[in-house]
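Heads up, the next two complexes both have subunit A, just with different partners, subunit B and then subunit C.
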Partner chain A sequence: MNDITTVPNLDSGKGATLPNTQANTSKRSFKSLLVWESGLFVVLVASVIGGSILSPQFLTAGNILNLQLSIGEIAIMALPLALIVITGEIDLSVASILGLSSSLVGYLWMHHVPMSIALSVVLVVGALLGLFNGVLVTRLGLPSLAVTIGTLALYRGVALVILGSNIVSNFPPSYTSIGVNSIPGFDISYSMFVFIVLAVIFGLVVHFTPFGRSLFAIGLNKEAAAYAGIRVKRTKTTLYVLSGVICALAGVLYTFRLSTAEYNNGSGLELNAVSLVLLAGVSIFGGRGSILGVVLAVATLGTIQNGLLLTTFPQQAMGVVVGGLLLISVFVPNASLIRRQFQEFKFKKVAKKRSNSGESMGDLETKRILSSATGGKGDMLQS
Partner chain B sequence: MNSQTLISKGSSKKTSGDRGDLASRIFRLREFGIFGILILFVGATTVARPRFLGGQNIRFILIDTTVFALLALGETMVVVSRNVDLSVGSVLGLSAFVSSNLYQQFHHVALVEVFLVGLGIGLVCGALNGLLVTVGKVPSLVVTLATLYIIRGVDVLIVGGGQVVANSLPNSFIEVTSSQLLGVPTVSIVVAVLIGLGAYYMKNFRSGRDLYAIGSNPDAARLVGIATSRRVFNAFLLSGAIAGVTGVIWASYYGTIDSTAGTGYELQVVAAVVVGGVAIFGGSGSVIGAAIGALLLNTINSALYVLGVSAFWDQAIAGFLLLLAISLDRGIFVYLQRTIRRKKVLGGS
Partner chain C sequence: MYYHRGTSTLPEVGKNNGTHMVTPTLALKHVRKYFGAVHALEDASLELFAGEIHALVGENGAGKSTLVKILAGLHQKDAGEMLFENFETTFTSPKDSIDSGIAVIYQEPTLFPDLTIAENIYMERQPRRSFNRIDYEEMNSSVSSIFASLGVALDPRQVSIGLSIAEQQLVEIAKALTLNAKVVVMDEPTAALSAKEVERLFHIAKTLKAQGVAILFISHRLEEVFRLCDRVTVMRDGRFVMSDLTENVSEETLVRAMVGRDVDLSERSEQRSVHEVVLEVERLSEEGVFNDISFSVRAGEVVALSGLVGSGRSEVVGAIFGIRRYDYGSVKVNSTQLKKGSPARAMEAGIALVPEDRRQQGLVMEMAISRNIALASLASLKRFGVLSSKAEKNFSKDWALKLRLKYSKLTSPVSTLSGGNQQKVVLAKWLSRSPKVLIVDEPTRGIDIGTKVEVHRLIFELARTGVAVLVVSSELPEVLALSDRILVMREGSLVGEFERSQATEEKIIALATTTKAVA
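This part shows the complex of A and B:
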């Protein structure tokens, strides 16, 4: 109980501080990770069982395809986002990049650019958008939260400038069928196929290569990572570029699925993607998380949403469920912290009583500070 | 030995004094800068299109700004304490519908009751955010992201397919935003006074100053004995309450209220606050700056419209301004640090 709590790095680009958690999470990261994923797995199994009880249509091939389609793009965007969050940053512009690339596809198609060229242009533009985020965050040292709120508005605005109020929907069926059909011979949608392939690649890279390990190192302590020879800025920029490309790809898939290019395609999905990443057990403070978690979170969220849609639950109110899951997913890991806070509170009461009975205030103050440094076990110090 | 300590004391005092002067000068400069851009914009637009400064147009800008400046007042308190409240748009929407729907549900509803209901909804939502952040120790970004969803979802469940239409609202309610005093919307004057009070509070009251201390360094603030949890909780409570009241004003202004009221406002409010010179990392910025930020964004929107630039550019420009503001913020920070370091080196030698 005499570990010294590290003070979290105050300039590390986070919108809020949470004293004491970093040390805690890093210490038990591996154990809690497994606990987290088994928990997710249990929830997943429960929701599958619940869904099949609720509706006989739940386990039909058609419904499972619907499930995959409804979560496909969000799932794809969540993968690079998870890596960014692991390094302790955030990217809220993902859905705007999706919207911008959707608009761009529509615009180019409207101007009779062949689809293959249009798609390559869109992916390159996605990379540039990600690079812009990355440069602002790493080279100018701006907080990623603020930067990506800015580019969220900026990219969506550019999408609006590109396409205006036009709606392009005359895409050839050979492309739009990619959006809604499953891959011939399998019960997997194209978007889910992309997700699975990316998840396998990401999983291997993140958990089995030095590059992957460097992401966790950066997230836990970027100064230490830099001193250990990790090129922090370059790594982060790479991740933002990757996120840009993949979100652009998600934008293309989104466009084909709805066979509509519109400037506000996918607006608000950034919140879904962030929720998914946090539900996956990735710590918002960085340094913790796994691709397996993301995969399980995608399956869980997709199942719950889909199951509820088969009932009379209004689709627009789905936010209650997503938000609730998000809260639960950040609360559960903090349970021990909250308990400790209550102990500290109790200790303060004891301290007050003692000060009434004549103990000097200075002593108590010292003990209080000591107690907060030793994890709230102040009573042990006193006795 | 004695003289040495004296000198070092003297020099350190001098540096800190200089730092205060320099900082305040630059912050004054920054608000002045935003104000300058505002004047420039208004001037240029008026030269091109004289009707920009017509009474009606100004009233439109003022009322739009009133909504955002009020939200920005609460948001500033939260952001200064190094937190963020993304749920304001949802709170506004819920409060707008529930409060104005009272007129459809009951025969005799006093205006005060409508405002009280709006305030109550805001307080509940704010308390929820505050509790989750301070007791739950969850970062405010995540908490308010979740409550953004949840409150909007509750709103959708309550609204169902219905909506409040303008002709079901009594005149006394519409007049909240339509009445004028010397050609200026009364509600704007009231809000301006509120912002003035807010600025005074943040500057001169201990609980207001504490928010800056918490935002500059939460751990240090806690160690010097500031009740950080309580202060942060109060900031969220206040932000929620303000969003609730703003919802009533919003309902009075627009008249037609469905479950999409205030969608996406959170980002516009954060943009106004940041453009207004409030550091997203907390610890600096003023309520008045945030209000000017809101005014600037609304003026730009209106100016673009009057100039015939398609409304399509609005959002892109708002985003660009936001990025510019935070880059500027960073630039000033780096400059200040360098200046202070140089002074320290000179003072020490």
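This part shows the complex of A and C:
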């Protein structure tokens, strides 16, 4: 039976692959997924210890409330964003939706609309803003990066149209106290409470429901997901709507915390939200991540930022920390891959030199070069 | 699934027919190329002489494309000899191949759309003037004169966007001429051309031949081979089969050489009892892809959709499943019309599709085996809205056992499995939904023979229990072994239907390749 050959159908440009390389790559990334959250936990413990050494105020109840308040809205926005990134898309308009919602709350309050109605209107508008993103991305098939950069500017512009240069700050203390106080009897801010409740719900949905499973399938291979009957476009649209509503909620909390509605509220916070999501171990290429990671990332980033504020670290330079963490989060999971590519590059160069100088290469060596040359982009060479 | 018993011998064309006593421009001898466990080329040989048009024919998967890619420097042979003008050569990159004087014209060339024709032709080697400026005048006039010599009315200054495929091929041919190509390889150049464009291409091919260029012409259309080519080489299963002057062979001989082999497939023994119509496809059309497709499949029946790759088979089954939209027509399951463009609805109606491309469409490669098996059945694994991990585990374990899946851990990514076992995962995913209609597109491509036999048995078993099965396959022995009825497609249309008792590989191939009607 050994003389039987199975011939791939190369006419259609698919077929032959190098199975070993494929298997190794996915095994490696599978492991790194399990390792990420524990690594994050170690960093968190280290920064808590570091913070308490650096400043005696660090572990006081007042400071911990401050920590929660400073990261609350970003943390809330990061939850739906994590889901969007898991499906392989992005939403950079989150902070602009926050700003628009804040302006809308201010505008409605300024025009004597009762707060309960104002809040309902804001949440509905948030959903519509998200729907607009979702429709552009899924129905028109536009790249989400471009679409949400566009709506980042657009929604901020609409916020300016709504409120102009007005600053609304005459909110009743019963609402603004939600923004700055902790829940009576607990050392938890309202925003952090919202985050924890949402994180529990999101964790359940993402990791224990068919819907959650479909998000990972879409992120890893949206074609195969569609072939399995998953409604890819509808799912993504749902996530953008969800993101819109939750960012609107974050906008309300932000407004109450600062007791101020202003068109540029939360400007630039999308960077922090994206950093959080990547720090959480959610793969920017989609298909990987966990809500536990997001929770740990919130705690870690909050701790580091807060700890630095207690030292003489200039607050204006906080971008260095956020940006640095973002780069590290992207670099670390890919470090082994980058190293391997670099080695292959060197190896190929050597091989090229040899073949140019007329030296013949052994069979084995040729094969090694071939497999390294086709390893990452085998499909390209096949087609 | 075929068995090779004979050994192939090298063509001795030069001696046999007395026409070519010179050394070949290009010769391949016993070339072998494996991709992992897949043997794309086993023993390929070819001799190409200056001033001839040489046809290379073979079924899908015979290794033609791999051979072309070796000539183009995209792949490197594992063993055997490649002699270019009598010197042993290896092309380590496409540049090597081009520099040696080999030009490959692909079925669908890729030009830079925003550049002019002349700029495309002289990419990376533009004629220069002082201060290293590009000499557009020289560039355009030289392309003009080449077009004139070929009798082509194209303006070198025209931007490439909007050129037809035929015109793009002409640009590639002109490029080959500016490179002084000694060998021009045309990989199925006529597949997307109109009759008129084919005539023009043939005329140009003959012009090139008169200039002493060696042309390797790959085509599925045998009548073209006989009209245009001087010699023909047949490949099968990665091996050289025969080579002769076209005037010495008949179409029949050629077809038999392409197909001919000892077929040893487990054929269905029992007569299947066929019941009511389950799947009904009426006048299904998608503009430019497939046209007016009507057929039905009964419960307990296995129907094959046969035809060449690119004839529209996979597109039709994609439309039935809803992953593609169609412009016209209808799909009914048990007399209920399906909403178009919705795989979810098709699945609810009882259709399952094992897609053509296992890695891209069938599986989420980096997801766990168990999760892939459960992916199409998640709704049934819910307990109070939450996925029961225990139910999911038992479910996938159960199906892995039923299909005799070989795995180490169900939580390992599916990419760690062999091709055959990956296919079993796809099958498990769909069979676990107990479909009424099972569509399998190339169910055994690239998998080992043992698994292949198992897959075939599985299909028989399903048909016996009353599932309506639609099989798409490029392998004729498989088509013949599996199906009760065989539908043949060519260029987007259904061109014929055979009862199994009347069907032979020769008849199917003839119907799928030639344009003249065959009874």
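As a working rule, the second predicted complex is superposed on the first by the 326 of 383 C-alpha atoms of A that agree within 3 Å, B and C clash if a C-alpha of one lies under 4 Å from a C-alpha of the other, contacts with A are read in each partner's own complex, and residues count from 1 in each chain.
Convention: contacts are C-beta pairs under 8 Å (C-beta built on N, C-alpha and C of every residue); 3 or more make two chains touch, one makes a residue touch a chain.
Values in this document were obtained by computation on a predicted structure and should not be read as measured data.
Peer 1: With both complexes overlaid on chain A, does A:55 touch subunit B (first), subunit C (second), both or neither?
Peer 2: neither
Peer 1: Looking at the overlay, does A:225 come into contact with subunit B only (first), subunit C only (second), both, or neither?
Peer 2: In the superposition, A:225 contacts subunit C only.
Peer 1: Thinking of the overlay built on chain A, is A:204 touched by subunit B (first), by subunit C (second), by both, or by neither?
Peer 2: Only subunit C; A:204 stays clear of subunit B.
Peer 1: Of the two partner chains, subunit B (first) and subunit C (second), which one does A:169 touch, if any: first, second, both, or neither?
Peer 2: So A:169 meets neither subunit B nor subunit C here.
Peer 1: After lining up the shared chain so the two structures overlap, which partner does A:217 touch, if you call subunit B first and subunit C second: first, second, both or neither?
Peer 2: second
Peer 1: Counting contacts the way the document defines them, which residues of subunit A are shared by the two interfaces, the one with subunit B and the one with subunit C?
Peer 2: Common interface on subunit A, subunit B vs subunit C: 7, 10, 14-19.
Peer 1: List the residues on subunit A that touch subunit B in their complex, please.
Peer 2: 7, 10, 14-19, 21, 90, 136, 140-143, 145-147, 149-158, 160-161, 164-165, 267-268, 271, 274-275, 278, 284-285, 314, 316-324, 326-327, 330-331, 334, 337-338, 341, 369
Peer 1: For subunit B, which residues are in contact with subunit A within the complex?
Peer 2: 82-84, 132-133, 135-143, 145-150, 152-154, 156-157, 160, 217-219, 222-223, 259, 264, 267, 270-271, 274, 280-281, 310, 312-320, 322-323, 326-327, 330
Peer 1: Which residues of subunit A touch subunit C in the complex?
Peer 2: 1, 3-12, 14-20, 22-23, 26-27, 29-30, 204, 208-210, 212-214, 216-217, 220-221, 223-231, 287, 352, 355, 363, 366-367, 370, 381
Peer 1: Which bits of subunit C are touching subunit A when the two form their complex?
Peer 2: 1-5, 35-40, 42, 60-66, 69, 74-76, 78, 92, 237-238, 309-310, 321, 323, 343-344, 346-347, 353, 355-357, 359-367, 371, 375-376, 378-379, 381-382, 385-387, 389, 412-413, 415-416, 418-419, 429, 442, 445-449, 452, 474
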